[in-house]
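Next come the structures, one after another.
The same chain A turns up in both complexes below, where it pairs with chain B and then with chain C.
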Partner chain A sequence: MTEKHINVDYLARVEGEGALRVKILDAQVTDVQLNIFEPPRFFEAFLRGRGYQETIDIVARICGICPVAYQMSAAHALEKALGVTPPEGVRPLRRLLYLGEWIESHGLHLFMLHLPDFLGYESAIEMAGIPELRPLVEQGLRLKKTGNQLMTVIGGREIHPISVCAGGFYRAPRPAQLQALAPDLEWGLETAVETVRWAADLHYPDFEADYEFVSLSHPDEYPINEGHIISSSGLDISMEEYEDHFSEIHVAHSNALQSRYVNGSGEGGSYLVGPLARVNLNFAKLSPTAQETAREIGFSVPERNPFKSLLARGLELIHAFDESLDIIRHYEEPRPSRTKLPARLTPGEGMHATEAPRGLLYHRYRVDENGLITFAKIVAPTSQNLKRIEDDLWQYVPGVMDLPLEEATLRCEQLVRSYDPCISCATHFLKLDIERT
Partner chain B sequence: MRIGLWLRNTQYVNMNKTLVIGVGNTFRGDDGVGLIVARRVRKAVPPEVTVLEQSGEGAALMEAWQGADVVILVDAASSGAEPGTIHRFEAQQQAIPSRFFHYSTHAFSVAEAVEMARALGSLPPRLLVYGIEGKSFAAGQELSPEAAQAADIVTAQILAFLSDVAPSFV
Partner chain C sequence: MSEGQKPRLAVFKFASCDGCQLTLLDCEDDLLAIAGAVEIAYFVEARRRMLDGPYDVTLVEGSITTDEEVERIKEVRRQSRFLISIGACATAGGIQALRNWADVSEYTQLVYATPDFISTLAESRPISDYVPVDFELRGCPINKGQLIELITALLIGRQPRVPAHSVCLDCKRQGTVCIMVAQGIPCLGPATQSGCGALCPAYNRGCYGCFGPAETLNPASLGQQLITLGWKEADVSRAFRSFNGYAPAFREASEQFEK
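What follows is the complex of A and B.
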């Protein structure tokens, strides 16, 4: 009997800590585990008893990687729970803030975390030391910076923005502040298009899987903050129905919960959220430049190669720059910038999902008459993708297991990194009553 | 009057270009220790010394220290040493071990920002990195006694460093 193991004790270039274990027995994959060993942080319990406005600030710090996503899902869910509608003009500004985060997050992942796999380097730092690759790294940092700038002007801070609140914004930026960013965003748009054209010629491993793609969908726009939940097999539900169709389970080898798509038979399967799902399900809503660039490089939907999520991220970068410029051109400062809530509230429950850079981020809250949180549930995109990553590996490993171990390992890591997993986020949401064996 | 200080290598440094950066997350126990040190330093130094609080996102750090001559950065560390251990690196002279500050959730964080800046030739002339070994990083706003004690020491060291090079300002 020949036994072979692919082990990665510490997955580099992913957010948070995780390990990968694959067991191969007599040329058969017998076990795949994405182990998550960051200690769980019990944020949902931490939120109970907190005020609703404070909650929006706290959830932003759960994950320094995508604070806007957490704030947006929370603000919308809490507004539903409390029956408040933000003033006109808040909507495009929230979109713009969220686009800043997409730019920042996609820029980082594409250039710093994922590209080294395709070019055969250990890290972007190593790439920065090679004269011909150095401009690429500098470009990535500059792209990311334009996202940071948007977040700073609107959110008040680069990380953990402080201006978002239930009801709108504590403070909205002046039009001139946003217009000042236009030249950088125009540079970003041009650079993103060039990047996608260039990245189309990278070598993508020949691999496809039969995915259940899940994302938001909106009749008039590329989905970010609003819409309904759809899937590639025809699911079409409201956000309120999310928990009827998707459930979380504990698996012994992981500190994180894994989500399952529950179809008619009751047996839950894996599904995929994130840029590839969004692009596949909403291609016609991408900006004209993004669509045109996709056609130019021969990217057609549905694209089922997970490695090409790099291109999906690139197309979303183009879209994000395009739409940001459009919003800034038409921006008028919302006055007032928020709908104020009364001190005495009607208790309520609200659930909402938005599209974080990594995919669908679902929040549900119950709030009492004093505005204190009595229940919180958060489902992060990476928890939803974990099972899908493992399923991919079951299918992918047989094709690479005869390669030298080091190369096979790298290929598996590259596949995991295609998902841009944020293991930190995935582990925050364990319930206190979890039992581990 | 020019406000400034002389580095030990006799390079004149504008006090306006001295920066103290606290890194961390006050909602995650000892991960907040860098921010707590920064807040204490801010209260004790003149406004010419910029004190920033950051989450540890690497690109933002590189942005923040651009143009500064002297940068002191404080973060929580998780290297396996005894809780409360104070690590100190002169970034110009030594590499920062890549997993040293891995407790900040970023894949591109303090160590990566320092090494990336080194590769791109954009390290500040002097970058002093303090790492305070944390004990607990669970959700919560309290420091462990070990981290709290180390925070006192590091705060005093930073103030002593600043007063050593510019006695009239601290």
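What follows is the complex of A and C.
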């Protein structure tokens, strides 16, 4: 009997702490575990008793890479719970803030976390030391910076912005502040198009999986803050129905819960959220430039190769720059910048999902008459993808296990990194309903 | 620093959101210069190559929340010439230190269906509760400019210049009209250390304490003022008890107003 292990004790170039364990016995994969050892921080528990506006600042701290996603899902869910509608003009500004985060996060992942795998380097830092690759790294950093600039102008700072509140924004930027960013965004648009053209010629491992793609969908726009939840097998539900169709399971090897898609027969399967799912389900809503670039490089949907999520991220970058410029061109400062809420509130419950850079992010809150949280539930994109990553590995490992161990390990890591997993996110949510057997 | 070679930099993560180490990657204009001036020996979020210690400068993000982390921070300390804790989690226990006022086993049961799988300590504590720390850089998140100042100071061998005055002084310098005086908006600025650039008052909202207690503060008096503006004592307690809630001065204030 020959036993072989692919072990990665500490996954690099992902956010948070996780390990990968694959066991192969007589040329058969017998175990795959994405082991999440990032310690839990119990957000859903300590949110109870906090004020609804504090909640928006607190949930940002679940993730330093996508704080806006948490603020957006929370603000919308809390506004539903409290029955408040933000003033006109808040909607495009929230979209713009979120697009800034997409640009920053996708730029970081594409150039610094994912690309080194395709070019055979251990990091973008190493790439920067090679004269012919340095301009590429510099380009990636500048691209990422444009996203950070957008977030800083609207949110005060790029990590844990301070301007978002239930009801709108504490303060909205003046048109001139945003217009000043247009030249950088125009550069970003051109660069994103060039990047996708260039990245089309990278070597993508030959691998496809039969994914259940899940994302938001909106009749008029590429989904970010609003819409309904759809899947590639025809699911079409409101955000309020999310928990009827998706459930979370706690497995022994992980401090993060894993989500399952519950089908009609009650069996739970894995599903995929994130850029690849969004692009597959919403291709026709991408900006014309993004669609044109996709056609030019021969990227067509359905695209089921997870390694090509790099291209999906690239297409979303193009879209994000395009739409940012469009929003800025038509921007009028919302006055007032927020709808103020009374001190005495009607208790309520609200649930909302938005599209974080890494995929669907679902929040549900109950708020009492004093504005204090009595219940919180948060489902992060990465906990939804964890089971899907393990399923991919079961299928992918047999094709690479005869390679030298170092190479096989690297290929498995590359696959995991394709998901841009955010382990810090995945460990902090889970289920508040206690289910014991 | 080691003779004749570049100083070795390491970045370690404990319980945190990753935002403070991301601040280093967000130094887009300076990152490659930093990478040229030091050897980035250990930085798992950014590179696959992980070199063993010793390290000249170690940045530590996150708080200590598990037994494994207690052992790991001791080893990190042994391997580090200068150990700098960065951010509210590392310097004060972070938002996850809210568990320090609760029963953690209750939390585990609330969040996880099978609590037996979870191993965690009863409290979230700062790095300095377990090992000596050479410098603490505050903030939730830390400030990019302060991070670069810190790295620069260490590279040329001088004390980092990180002011400890309150947010109020920054508002005055920037010409931001006091929102508490002019608009009656409750603000933690008088008790909070500078570092963010007095952002919140400039955005028409009260400071909520990201950089922790200022050098000299009077939280009892500030708390009374907040109550005069319409807050209840419980609101004052909660305000002090957030990202830096376990920092001693904020902790005492939050307990003083707890009802």
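Just so we're on the same page, the second predicted complex is superposed on the first by the 429 of 437 C-alpha atoms of A that agree within 3 Å, B and C clash if a C-alpha of one lies under 4 Å from a C-alpha of the other, contacts with A are read in each partner's own complex, and residues count from 1 in each chain.
Keep this in mind: a residue touches a chain if its C-beta (ideal position, glycine included) is under 8 Å from a C-beta of that chain, and two chains touch if they have at least 3 such contacts.
Everything numeric in this text was worked out from a predicted model, so none of it was measured.
With the two structures aligned on chain A, chain B clashes with chain C.
In the overlay built on the shared chain, the residue A:108 is in contact with chain B and with chain C. Applying the stated contact rule after C-alpha superposition, one finds that A:128 touches each of chain B and chain C. Contacts of A:163 after superposition on the shared chain: chain C is touched, whereas chain B is not.
Look at A:138: by the touch rule set out above, it reaches both chain B and chain C.
When the two complexes are superposed, the chain touching more residues of chain A, out of chain B and chain C, is C.
Of the two partner chains placed by superposition, chain B and chain C are both touched by A:65. Legend: residue contacts after superposition of the two complexes on their common chain; A:171 is shown touching chain C, with no touch to chain B. The contact surfaces that chain B and chain C form on chain A in the two complexes overlap at residues 10, 12-17, 39, 41-43, 45-46, 58, 61-65, 108, 112, 123-126, 128-129, 134, 137-138, 141, 144-145, 148, 158-160, 422, 424.
Interface of chain A with chain C (complex): residues 10-17, 37-46, 49-51, 54, 57-58, 61-65, 67, 108, 112, 116, 122-126, 128-129, 134, 137-138, 141-142, 144-145, 148, 156-160, 162-163, 165, 170-171, 248-252, 254-255, 257, 413, 422, 424, 429-432, 434-436.
Contact residues on chain C toward chain A in their complex (touch as defined above): 13-23, 25-26, 28-29, 31-32, 35, 40, 44-50, 65-66, 68-69, 94-96, 98-99, 102, 104, 106-114, 117-118, 120, 124, 140-141, 196, 199-200, 202-205, 208, 210, 235, 238, 242-243. Chain contact summary for the complex, chain B toward chain A: residues 25-28, 54-57, 59-60, 62-63, 99, 102, 104-108, 112, 115-116, 119-120, 137-140. In the complex of the two chains, the chain A residues touching chain B come out as 10, 12-17, 39, 41-43, 45-46, 58, 61-65, 108, 112-113, 123-126, 128-129, 134, 137-138, 141, 144-145, 148, 158-160, 422, 424-425.
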